Structure formats: structure tokens, C-alpha cells
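Supplied in C-alpha cells, the structure appears directly below.
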Amino acid sequence: MSETSVSKKPPSERPAPRALPAGASLVRVLAWAAVAVVTIMIPFYLDAFWLTAGMFAMSAAVGAIGINLLTGATGQLSMGHAFFLAVGAYGYVYFSSEPDGHLGGLGLPTPLAAVLAIALTGLAGGVFSPIAGRLKGAYLGIATLALIFLGQHVLFSAEPVTGGYNGRAVPPLELLGFGFSDDTELVVLGVPFGAPERLWYLGAALLVLSAWFARGVLRDRPGRAMNTIRDHETAAGVMGVPVARYRAGVFVLSSMYGGLAGVMLALSFQRAVPEYFGVMLSLDYLAMIVIGGLGSVGGAVIGAFFVSLLPQLLTRYSDSLPLVAQPGESGFSPAEAARVLYGAAVVAVVLFLPGGLLGLASRIRASLAGRLPHPRDTRSSS
Amino acid sequence: MSAPPPLEVRDVTVRFSGLVALDSVGFTVEPGSIHAVIGPNGAGKSTCFNVLSGVYRASSGSLRFGGAELTKLPTHEIAALGVARTFQNIALSPHLSVADNLMLGRHRLTRTGFVSAGLRLPAARRERALHSERVAEIAAFVGLAGRLPVPVGLLPYGVQKRVELARALCMEPRLLLLDEPVAGMNGGERREMAALISAIREDLGISLLLVEHDMGMVMRLADAVTVLDFGRRIAGGTPAEVQRDPEVIRAYLGAAAEQPAAHDEEQV
Amino acid sequence: MTTFAELLLNGVSMGAVYALIALGFVIIFKASEVVNFAHASLLLAGGFVIAKLHGQIGFWPALAAGIAGAALVGCLVEFLVIRRSKAPDHSVLAIATIGVDIVLATEIARHIGTDVLAMGDPWGDRVVHLGPVSIAQTRIAALLVALVLITAFLLAFKHTGWGVAMRAAAEDGETAALMGVRLGRISMSAWAVAGALAAVAALFLAVFPTPGMDKATGLVALKAFPAAILGGLDSTTGALVGGLLIGVTEALMSGYQGDLAFLGRGIGDVAPFLVMLLVLLIRPAGLFGTRELTRV
Amino acid sequence: GSDKSADNGDKTGADGVKLGPGVTDKTIGVGMITDLTGPYAPLGKSISQGAQLYFEQVNQAGGICGRTVEPQVRDMGYDVQKSVASYTELEPKVAAFAHFIGSATVGAVQDRIAKNGPLTLVLAWSPQMLGAKQIQMTGTTYAVDVINGVDYAVKTHGLKSGDKIGHIYVEGDYGVDSLAGSTFAAQQHGMTVVEQKVKATDADMTSQVAAMKSEGVKAIVLSVSPKQTASAVGVAAAQGLNVPFLGSNSSYAPQLLDTPVGPALVKNFVVMQAASPLSADLDAMKKLATDYKAKYPDATLDNGVMAGFTTAAITGDALKLACEKKDLTRDGIISAHRSQNAWDGGFGSKMDFTDVSQPPSRDTNILQPDKDSLGGLKTIQEASASDNAKKYEIKVG
Amino acid sequence: MAADDPLPPDRPVPETETSEGGGLRVRDLRVSYGPVQALNGVSLEVPQGSVVAVLGSNGAGKSTLLRAISGTLRFHRGSVPSGSVEYAGARLSGLDAPAVVARGITQVPEGRRVFGRMTVAENLRAGTLGVRGRKAAAAAREHVLELFPVLAERAGQRAGLLSGGEQQMLAIGRALMARPRVLLLDEPTLGLAPLMSARIADTVRRINSEGTTVLLVEQNAAMALSLASHAYVLEVGEVVMSGPADELAASDEVRRRYLGEVDEEPGAEGSAPAERPVLTRWSA
């Protein structure tokens, strides 16, 4: 509704947060413990396909958390996220690989390279801040779309750095002598631990860290400022929040998350290919936070897993159906079906789950925990 | 915190494409006083607030608050000087709890940045504890004690108005600008709000600049009144003087002033 | 020199087509503040119908059918998705249109398959020679059509009840309803119009100098984004100016890419976005967009 | 989940054949990673159909090594992530990949294949695909095709030293490598190249052609998509730029003949392609045509089918050879494959798989659009390698 | 929705002059926003041609009542479990807003809600969208501009930039453009200068004298009661009092709570300040 009206309309989404009964907190602890155990066990049971899929999902989750800080919490639509993933990925590759032939590189220790890559994305975000600080809504969204096209142009042209169209190999991360690759033999409890297994744990750790950090940001002073910029820019300024600087700041932060996601992605790909960092990827990220739930860390993570796993599952099991649709016969090929289903899923969530999957979850919890306070309880005079 | 400095408004002019919303307006808010700005709708009262808080830029003129010249400063730096305001149209974050909305008021008094918040550094923890205590105090003072965890959006309008006031108080202002604090309230609520405002002045000794159409309330609270009409200052002085001013009666009070039976008198 | 003139002319005429697409975005945006990512598939739908029918029923009827068809698809999207959405804000709805686009594009692509579909248009590959420079008749047609349509909508938005209702609905649905505006109809009409425009644009995208339409034709819609934005998302004039600007930039940049090699070859395709960024730096709401003036 | 602790190391089967990943006593898994939903979907469809057709015939003939071949197709929609996922999934289950479409998509897993992957037939013709024993391209590289083409043009259209030739190429290694070819050939003839790079999404070549025209080029090489070819040729015709066009092998599709520019194409456009055209007068080709028609009555036979069938056949022969050597381990299959130096499978063009750093051939057919011949192309110069093509040195990787 | 069930005996049955004239009639209306019960069993009657006022503190359910009549509850995810709304004997319940407008009932929404990005003139034009007839519209425009000359001066300005009061005038003017038979006003004097609220009051009288029925929701009880023939007091979703305006104006309860006159007994809100904790200055 227009800013000019005296807004008395209470938001109908999101029920009031209620202090959890003592039991609930215990339940929560147990739940988390369970999640932790499962995460640790998975590499012992699932094969490479699942682990790689998992790694994709986890890096997506990190990236999604980033864009949710920006788009969800601060209300700054960004379609350029893929660009920052690219910067992260290629930054890492360039910093870490030894120069060979026409391909350049700095040959730095891989952990350092990773950190620098993230810093670099932050820088890239900062360079964009004159725009990020001033624009909002659809305008910012499409302005950031430019980043994708510029980015891809550079990726294709700057061959010495990016290796051009076919990309270039990603040096495996090596932490304190432990390499995240298949090179060294490693067998744990009779299970061969190759790159996928090792990366799984790395991914999980990084995801937990970034989620924890983002949660901290959202729950404290910066988060409040961000939300107010989203809800009422002027009020934010009058309350002492330097709006433009904050917008730019959040933009930088979310780019750095993108950067980290890019590094993780590169590590699991083992090769960085420009093709990948296109518009579709950016849109997928938007889909993630909307499907998961805008503005929250949990939402980003759920959405990321949903969006990055769904198509893979659909294609994976596509051969349980007769594969190539016979020509002439007008039925879907399972692959097409997978794509359509994915699109439909996006639509469905937006339509029927305001607040996304997370919103659904919390609404269920709310309806279990009881009803909203009666107006009586929220009355002025009584 | 010492007594606030005076606020000196000197022939401030604000133009919007075509129309002059403020036409070389000038007045002074004495330290620790309640100064009311009244005038017909569209006279320029809110505009006046908006230049004071940096939302609009004055085309000319000066706004001195203590040592500072406000006309050149961006909103957040004005806030940093201890100038707080409420809005004529509620401007809260509906999804955030009352507590969070109030905590936003502490923004200028706190330091926690992305890093320390993200890493939950002890400094951030300490700061949060310290300030939420104060927020609770202020909430109790304004009568929001029970409501801290409730999302603002679910509160009735009258209560939201008080959250606005509380948020402004949380900035620990030295100058507080209230734009129609009792609009949309019924008699009982108006009386409460009035009491609240004078309590603020007594307890904190800060200066208040008040825009209100409820004459009864203005008469009761204000130490001095400035009357605007079509962006020009047409009268000023004590409430009594202003109320008798024929110009003011013509432009603003209308019949209301003569016949005490009219509702405004009785509002308080 | 002749090259320059030729490139310029070509840019202008291509720009006209971008303008038509941009206008589609603008209308949806005005009516519902949604950035419509499904526009690409509206294009495909319209073009597909024209291409399939012109054989049997002749070009003009086919064109009419295509326009109707795309409009219908637009209506369906509105009726099945936009109207049903409980989405809290517009950027969320925009995401929904992404989903819609995936579904539609996949489905239509499946029907198009490998084919390159000709439009059977009357202009063929005839070109008009203006002195040394030559320009395709199709492009002149595009330019004229764009000018006419855009002026028409400019007037419609300003002066017809439909236009007022549309803007009212976009800004505050509840209040618009209180004025007796039938939100459903308004937004549906907007989508229908956008679809119709898409069909027209599709026609000009797929006729000479391009051999016909295939399933990638829709991608051109992406190029219309910068056009719509730098013109101003809610401005019909903006759509035109933006479109032309993009068209010309692109034509010149790719025509002279030999001299601009230092920017990396193929700069022609990114140039539009560079221009857009420059404009936005100076005018955050685009050239003709109404900037959000809020007051408190 | 799958039983992880079971190591995928080589075992020996009942019949004494050494078995590698994807091979059991009953079956041989063969993977195909293709594009059924992305930009190359139509091509991908024909390719997998071609391959399926081959393996069906093989299985009907009793399979390979007494084992039935189990083709496993995955669609990666030309998406890099999906392609990585598909490879990761199939890699442990298959003895070889009968085809793997696309440069970027292969590129994403190239290093992993080169490390310990199975024999992989790639449908991408950039030099990056050379150098690893596991990775095998068919025919020759983009560059060599173009060189042959330019030499042909010089021969037939009397281009001479000092002339300019234009080259419109699409972003990516298809374009880049082709450009390398034209540049090399031009140097050899003392000519210069006028470059115009386009994006895959560009549909209108007017600006590019205008630029060419103003440069006064004598011939134009097209390393673009069929649609872009049509636009370029059409515009040139309309603007009276009457020069020969030389198209790389993926720049043409028979469907173009039905579009308004059909005539112009027939008039002055030729395609350079390593594989023989479907219209070639070869028994194998005819058989393929009939079999395909039989299995997919209302599908159109195109180069895709042919390519899919050929790669499948190469894979099949490698497996058969390995079987004779009683070694179906990865290394067994690969070395069996690499031992062949004149594979032709009845499809005309001979291929030499022994040198991992070279394409299996340097021959190119010069073909001309033609409505009446199968696949819309007829031969105007039989497969051969020009001197320049022979001496052109291919930089691996 | 339960069809018109008879009024529960415990509720004060409004004794109305011309109820057969079939004005606006609300019967035992319940409204809930999800879990929030905003109205539980409200009945009231607005006879043709009368002015009826609804008083009540914040959150009492006044706006909800109007939304239920004008069919805009759906915009707030509100639902009507039971009860009915009738106008001139025909059921309104279940109709959507445009249908209600078509029956000559127009609401001025709470908080102005002018179309900020459109000009004042366009806002007025928007007011006519629900009704037919160009000439009628022109006449209505005359009438409105005569009531609020400011709107003529600002005709070209974007409504979002008007002052609070100007916006309020515009909102009312916009509603009058539809020449409604029943006008629902939600806090029309909100934020208006005394002179201006007096003007609004006159306006209401005038349009009422021109035959428009008015249902007036007001915080400004004094003004409301001076305008209305009949009034209802709403608290927490229920009618707690109702009767002729003058009688209500005389009742202590109303005088204390809504007219805000201080009476001496402590304990009421009057003494709220006494309970208020002292706020010390912040030092840190």
C-alpha cells in the first residue's frame, strides 16, 4: 500500500513469537544433535553422487544465506549473485594455481587463496556500491543483472585468468597438509574417503559457520537496521542509520557470502567453467530464498537444498521411466518433465506458501503451540 | 547529559516544484520547553519537521542546534546530535517485535557492527544487555511493559503511536519532535498521551517541538506556540496570546475558539 | 560513413523491436508492479502460433491468431498464477513468473523442436535503399508499428479509465476495489495486452534478417530488460527511448568491434548493460521513470 | 545408499575376462551424457537415438563378450552442474561413455576423466579435448575444418594474396578454434582476416555483415549456429554482398532450406565437415538410414543420428577388441581402443586413434546444401586434407 | 454463513424510526482475522437517510465493521463465520467490493489511502471508476471541488505529496465522486485542523441533507455525537452501548471514556500518570 497512508493494517503473515515452553528448547537441542549425527554418518553410506549433490546444496545454501541478507532482510533485490560466485571461484583458482603456459596464477597456499578470493568478492561488491547504495527494487534487480553479462563477457575474454570458455582446473584445497582430493589414499572404517567424502565435511563446517554468523548479524544491531531500511527507509535514516552506507555494506557482505559459495562450488566441481555462472543461476538463487522463506537464515538453507536437489533427483530417477520419449509421440521426455516440475514447484510455493517452506513450518508449529493473543490482550486501555 | 541547547530556526524556506511549503519561517525553541507548532492543514508543519530531521533540504535559511548547523547534515548525523522525531504516519517495522523497534532507537548509541554481531563478540553481548535494560525502562515508562515481544503490526493503532514515541525516546534525544502524537486517539487515550508528554519533559528536561491539531492539548502543554499558515509564520507567543489572535482564529481555529462547547476544548 | 549510417539505421530499427518488448514489461509493471520474467515465453507462444498457422490461413489471419493466442496465454498466467498468489510483495511474484517461464518455455520448446519456423510475412527479404545504405522493409514496418503502439498506450494510460484503474490497482489494490475497480479484470487485461505485444514483437524478431523463430528466440527478451529499465520501468516513452538506445548502442558496438577490440570482442552484447548502468548512476529511476517520492 | 565399502577394484569374471567398473559377468554398462532439454536438445535426442539403435543391434547379435550392453543415458540440459552430477553418478557404473556432448560440459569433468575415468567419446572438436588417453574425439578439430575450407575457397574462387576474408564466429571454443584455423590459413595465403565475434543468442547478423561489406571481404567463414548462418547469408544476399560463405560443421541444419534464405544458401554456401554426409554412397550409411527409419518411423534422419551411431560403434569396437584381449578393465578397453589406426566402420572417413595428442583425422568433406539429398547436403569435394591442414600444428590443451 | 438469525435477546435492540425503509442492517456479525476474533456478534442498523456514529477505542473493531460492509475484509485475510449485512433488503454479505460500490455504498478507508503516485485530479477520476455516466461524473467533480477548493489548486500535484489534511480531503472527495447513497466514513477527521474538521462535519451534514446515508466511525466522539442521530459504542468486538446520540452524549461512561472529560474518582485512566514510573536520564 502507498506510503502516504496511516498504516494501521497489521501484517497477517508471521504469528507473534511466543516464548517456547521449557520442553521445547530441550527438543530443539536433541533435534540439532540428531542433525549433527546424520551429517557425520552420511559419507559412510551414500555414494559420490549424493555427496556431490550434497556439496552443491551446501554451497548453494551459503550463497543463499548471502542473498537473503540482501534481498530478504534489507529488501534489495539482486539478480547478480552468480557474478559473485564466479569471482569467488575464479579468484580462488587464480590465486591458488601455479602459472602454466598461457594461464596465469599466483600459486599461493590454497587456504590463503580461498580467503583472498572471498576478500576479492567483497571488493567487487564494494566497487558496485555506488549503484547498490542508491538503487532499490526492480531497478537494482536489473542493474545487478548487468553484472552477470559483464561478468560472463570478462570470463570469456580474460583467458589468461579464467582459461576462457572451457574454464580451468581447480587446485584442491589443502588444509594443514590434509588434501581435499582423491590423490592421497584415505580409508575410514573400511570406507574409502575420496574428494566427495572429505569435501562433504568441509562443506558442512563452512555452512554451519556462515549460518551462525549470518544469524548473529540478523539478530543484532545490524539486522534491525537492515529490516528497518526494508520497511521504512526514511525512518531508518531519522533513527540514525546511514542508509546508503548500510545498503552498500550489506551488498558487500552478501557478495562475500557469494564468494565463499563460489569457492566451495569450485572445489566440488574441480573445474571452474564460465558457462555455469549465468542468469539462470542467479534466478535459481532468488528462487531459493523465496521458496525457503525471505529474510531468515533457515529459509535460505531450506530453499537452497530444495532448489539444488530437486532437479538432480528428478533427472537421477528419470531413467526409472522409459528414457527418450519416442519421437512423434507427444509425451514429455522425463528430462523435460523434470524441468517442468521444477518450474511448477517454484510457482506452487510462491502461490500457496507465503513465507516459504520455513513459514509453513513455523505456522505448523504455531498452530500446535496455540492461538494468537486475543485482541483483548493487545488492547490499549484495560 | 547537560540541558539541551536552544534550537534556532532562522528564516527557513522550503520549495517544492512550484510551491513554497515554508516561507522564511523563524522561531526559537528554548531549552527544556515544549514548543507547539500549529496551523491549518498544509501549512508546512510536517515540512518543518522534515527539514529539522534532514528528510528535506531547506532551500535557504539556517537551523542551529547548539553548535551545529542542521541544514547541511544528512539525516543520520542529525540523529547523532540527539534530535529524535515521531512520524505523522506511523513508520515502524510491522514484523519486528516492539523490543526490536525500540532497540533500533538505540542505533546511534551503540556500536555493534557486522563483524562483532556475527561473531557475537563479548562487546556486542554486553552492549545488548546494557541497552535492552534501558529499553525495558523506557517501555515501562510509556506503558508498553507487557508488549515487548509482540510484533508491532498486531498492535492497535493507539498503541503503535506509543511505540513510535518510545522509539524516539530510546534515542535519548535532547530535542524531541512529535508530529500529531494523539491523532486518531479517543479522549481517554489523548489524556494519557498528554500526561506522558509532560512527564517526559519533567523527567528528562529535554526540549519538545510539538505539532498537534488538538488545541485543548496544545493549550495545556505548550510553553510557546508558533502558528504557520501557507508556509508563513502568522503568529507566535504563549498559548493564551495566540488563541486570542484574530489572525489565528481566522486561519485556523475558526468558530472553535469562540464557543467552548466545541469538542477540542474537551479533549483534555 | 555509409557503414555508420547503415549501422545506425539498423540499430534504430532493431531498437524498435526491443521497444515493443520493453513496452510489454512496462505494462505489466504498471498494472501489478511485477517484473515479468515470463515475457520470453509469451513471445514464443505468439510467434509459434503465427508460424504454425500462416500456412493454412494466410499471414494476416495468422498474425491475428498469434496475437490472440499470446494474449490468451497472458490471461491464463494471470488467472492461474498472479491472481492466486498470496505473495507478500512484488519481487516475490516476479520469482513466480520465473517458474512460469520455465514451464512454458520448456513446453513450447518441445513443440518447436529443431525447426526454424518462418513467419510467412509479406515483406520477405526485400530491402529499401536510402542512397548507399539499405534497410530491411521488415525493420521499417517494426519501427512504424512500435511508434504507433507506444503512442497509443501512452495516451491510454493517461486518459482512459482503464489506465487510471490500472495504476490505481497497482498502487493500492484494496482502495482501488473501494473505488469499484475490478482488480481481477484490470490485471488480466494488462496481461492480455502484454501477451499481444509479445506476439507482435515475436513477429518482428523472427522475420528477415533472421531466418525465422526457434526456441532460442525468447532469449532476446533479456535484452529488453535494460531497455525497459533505462527508460524507466513505469514509462511508456521510456520503453521507446530505451529500446532505441539499446538497439543503436548494440549495432554500433558490434559493427565497430574491430576498432574496439581492446574491450574484448563481442562487446556489442554487453554494451547495452553498460549504458544502462551509466544512466542509472545519474538517474536512479531511469530516464523517464517516476522516482519514488515519499513523504512522512 | 549404496554399499560403499565394496571397492571398485578390478576383478576377474567367470570366463576369465578381467572386469573393470561397470562390467559384470552378465552386463556391460555404457554411459551417455547428453542434452535433451538444453540448447542442443534436438541434436542430443538424435545422437542418443543413434547410439541406442547401435546397442540394440549389438545386443540382438548376442551382445559383447557374451554380455548384454546396458546403455545409461543422462540428460544434463547443457548445464555444467548437472553434467558434473551425471558424470559422478555414472562414472563408477560404466565401462565407457559412448558419448558426452559439449565442450563446457565435458570441460567441467575433463580432469577427472583424464585422471582415472573410462574411455569417453566426446562430441566436441576443440583441441582442449586432446591429450588424454581416455578422451577421444571423432573426425578433426574445428580449426582443421576451416583450413580445409579456406584452401578450397582459394582454389575454387581464386582468392589471392592481399585479399581480406571475413570470419563471423560465436563466442566459445568452437568459434575461437575456428578463428585460429582461418587466421593460419589466411597467413599461408598472405591474406588477412576480418573478425566479428557474436554471442550464441544473437539472431540478427546485419551489423556484422555491414562491417564485412565495408571491409570489402572476398569470402566469409561462418562458425556460428545454423540460425545465424541463415541470417548472415540472407542479409548478404539482400545487400548484394555476393561472396562465398564457408560454414563450419555445426553452422548448418537442413531445416534452413525451408526458410526464405534457402535459395541463397544453395547458391553460395558450403559446409566443411569431417564426417561423410548422410547422402554419401556407402552401404553402412544406407543401412543406418533404413534401420533408423524402421525404429523411429516419423523422425528425421540427421547428422546427430549418424554421430551418435558412429561414436557408439567406436565404443562397441573398443569393447569387442578388449574382450578378445580378455581385459575389460578401463585400461584394457582404452589400450584396445588406442591400438586402432584406421577405424572407419564403413562410414568413409578413416580415423587413427593411436596418437592421443592428435585428432583421429585431418580430412574434411566440402558439402553443399541440397534439398533432394538425404540430410540436405551433397558432396562437392570428397574427404581430403589440404597441405595447410596437414602442416597446421595443433596446440594440445 | 448462518442466515439472518433473530437478534439474541441480551443485545440492545436499536429502536429505529424507519427500519422498514430498509437502510443498512448488520445482524449478529462475527469477523475473525485468522485466530484473531475482531467482531463477535455485532448488530446495528443504519436507517435510510440517517447519520449513525460508531464509537470505540483503538482496536475495538470499528474499521473491521466497515470492511465487512464494504467487502474488503478479504484484503486483510479476514473472514465472516456468521452474521449478515443487508442493504435495502438485499444481502451484501459475500459480495466483493466493486459489487458493493455498484449498489451505491462507498467507503472512505481509514488512513486516507490516496493514490500517492497519481495526481489529485487522477485520484478524483479514480473515484468515478465504479459508476457509469460522464455527465454525472463532471457534476460530482464540480460538487467536490466546491467542497474542497484546495483540491482544485493542487489538481496537478502528486497526491502523495499533499499534506496529511489535504490527503484526507482528497480521500473524502474521491469517495463522493461516486455519488454514493451510503457513505462509510472511517475516522474522517483524523489529523485535521479544528477548522477543517468543522468543515468536514458540515460536509457530512450537507451530503446527508442531500439524501446520503452516513455511517460514521470517529474517535472524535464529541463531533460524531453532534452529527449523528443514533450511535453505537463498540468495545473489543461487541456493542456495549447504543441509543440516540444525545442520550449517549449525556451518559457518564461516554463522557469519561470517549469525550475524555476528567472526573474525580481515581482508578480510571484519569489517574494513569500516578502509576507511571519515573524515567531517569540515561548516562553511559
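Note that the chains are named A, B, C, D and E in the order they appear, and that numbering of residues resets to 1 at the start of each chain.
The working rule: a residue touches a chain if its C-beta (ideal position, glycine included) is under 8 Å from a C-beta of that chain, and two chains touch if they have at least 3 such contacts.
Quantities reported herein were computed from a predicted structural model and do not represent experimental measurements.
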Which chains does chain A share as contact partners with chain E? B, C
Computed over C-alpha atoms, the centroid farthest from that of chain B is that of chain D
From the mean C-alpha coordinate of chain C to that of chain D, what's the distance rounded to whole Å? 37
How many angstrom lie between the CA centroids of chain B and chain C, rounded to a whole number? 48
Chain centre separation (chain B, chain E; CA means) in Å: 28
What whole-number Å value describes the gap between the mean CA coordinates of chain A and chain B? 42
Provide the list of chain D residues touching at least two other chains, using ranges where the numbers run on. 37, 171
When you check chain B against every other chain, which residues touch at least two of them? 46, 55, 87-89, 91, 154, 156-159, 183-184, 188-189
The positions of chain E in contact with two or more other chains are 36, 57-59, 109, 111, 113, 115-117, 160-162, 190-191, 257, 269
In their shared complex, chain B is touched by residues of chain E numbered 36, 55-59, 111, 150, 157, 161-166, 168-169, 187, 190-198, 219-223, 226, 256-262, 269-270, 272-273, 276-284
For a test of understanding, state which residues of chain D touch chain A in their complex under the given definition. 1-2, 4-5, 7, 36-37, 45, 48-49, 52, 72-77, 79-82, 84-86, 88-89, 91-92, 103-105, 107-112, 115-116, 126, 128, 171-173, 176, 296-299, 397
Chain C touches which residues of chain E in the complex? 70-72, 75, 96-98, 101-102, 106-107, 109, 113, 115-118, 122, 125-131, 158, 160-161, 174-175, 178
For the chain D and chain C complex, residues of the former touching the latter: 37, 39, 41-43, 171, 194-208, 210-211, 213-215, 226-227, 230-231, 234-235, 237-239, 253, 255-256, 258-261, 300, 302
Give every residue of chain A touching chain D within the complex, in rising order. 44-50, 52-53, 56, 101, 156, 164-167, 169, 182, 190-192, 196, 268-271, 273-276, 280, 311-312, 315-316, 318-319, 323-324, 326-328, 333-336, 338-339
